[in-house]
């Protein structure tokens, strides 16, 4: 999982959002490195609205950081 | 779902709030891409006050970012 | 629900707090537009300390944004 | 409950913390205005570690705002 | 519990982190002032991973404030 | 556990992310200092999607602080 986050700069807000999603997922991978277990958990939480909303919250927190790093893409 | 977030700029705080709502929902879609499952989950969490409040929290986090991106619409 | 958020500016911190409460509630309304259902949920969560605290958290997040928009009412 | 928040300025970080605690509680009062019900809920959540930690989270969020409003009491 | 927070300034990030831990705990004490009850709750939540993670979240929020107050110890 | 956080500066965003993960874990250790108990809890929460997502949220909050401390690695 080296070199997965070389920079916080993205060309557009949408790419920044995708990066935030990635950043949210990497922490899960680092706490549960076993892909087989993650694959087993995935269908469960993907049908659990509480888990889906909690995931969205993590994305929102990372997106705030990515947006600040890009000066909110004001020049875009 | 391409080109759903071309900019964080909005004309008014209210449009910024609507954008924050959209941003909160997109992460859910990305984690649960199956629209049929999302449709099934929706009535459940829409009648669950904990889920409603948690959704509102995600909106609040995104709105903070959108507001900063618009310099709080100080010139509006 | 148009024109409910014309500006983030308020005269005092207290009015800013009231605005934050309103902002927290609007997201709930947007997710659950049916007033009859919301009225049914209200007594439940108003007697559930976890839900009350979670609501207070959303208000705190919005208040941070409103306060920043008003430069913390430093001139008040 | 008028005039409970005339300013975010406090003389010290500690007074700022006390203000943050107050700010966290007011939202609960606004959602559950019935003091008798709040008094009934209080012993329950005061012995529930999850609720205590969640309350502490709300205080932390408000304290961040109060601290920024006071420029972190750098001159104190 | 007077004079427990005279300043947000610390010499190092590590001392700032310790301060954030203290700040997270004080709110719990203020909501549950009875030390005997807190002592009874402690072993429960200290073996509850959800509670441990939630506590860590409060610390993270306070640390953000302490770090900003110290300009991120950039001169350290 | 002395000298575990000498600085918030890191060479890259990725090292900053690793630091945020460490910062999230230290608070857990400080609340539950018994390594044997933590080891017992670990497999439980590592297979609990709610706990995994909550952990990711703590990392996101710390990462925001680390990123700000590094001026978002804009010069990297």
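For this structure, a couple of remarks:
The first chain written gets the first letter, and so on, giving A, B, C, D, E and F; residue counts start at 1 in each chain.
By definition in this document, contacts are C-beta pairs under 8 Å (C-beta built on N, C-alpha and C of every residue); 3 or more make two chains touch, one makes a residue touch a chain.
Since the structure is predicted, the reported quantities are computational estimates derived from the model, not experimental observations.
Note: centroid distance chain C to chain E, computed from Cα atoms, is 27 Å. Chain centres here are Cα means. That of chain D falls 15 Å from that of chain E. Residue positions 45, 50, 54-55, 57, 61, 64, 68 of chain B are each in touch with at least two other chains.
Taken as a graph of touching chains, this assembly is arranged as a ring, one closed cycle with exactly two partners per chain. Ring order of the chains (start at chain E, first neighbour chain F): E, F, A, B, C, D. Across the complex, chain E is touched by residues 2-9, 23-28, 30-32, 37, 41, 44-45, 48, 50-51, 54-55, 57-58, 61-62, 64-65, 68-69 of chain F.
If you check the complex, the residues on chain B that touch chain C are 12-14, 17, 21, 45-47, 49-50, 52-57, 59-61, 63-64, 67-68, 72-74, 76.
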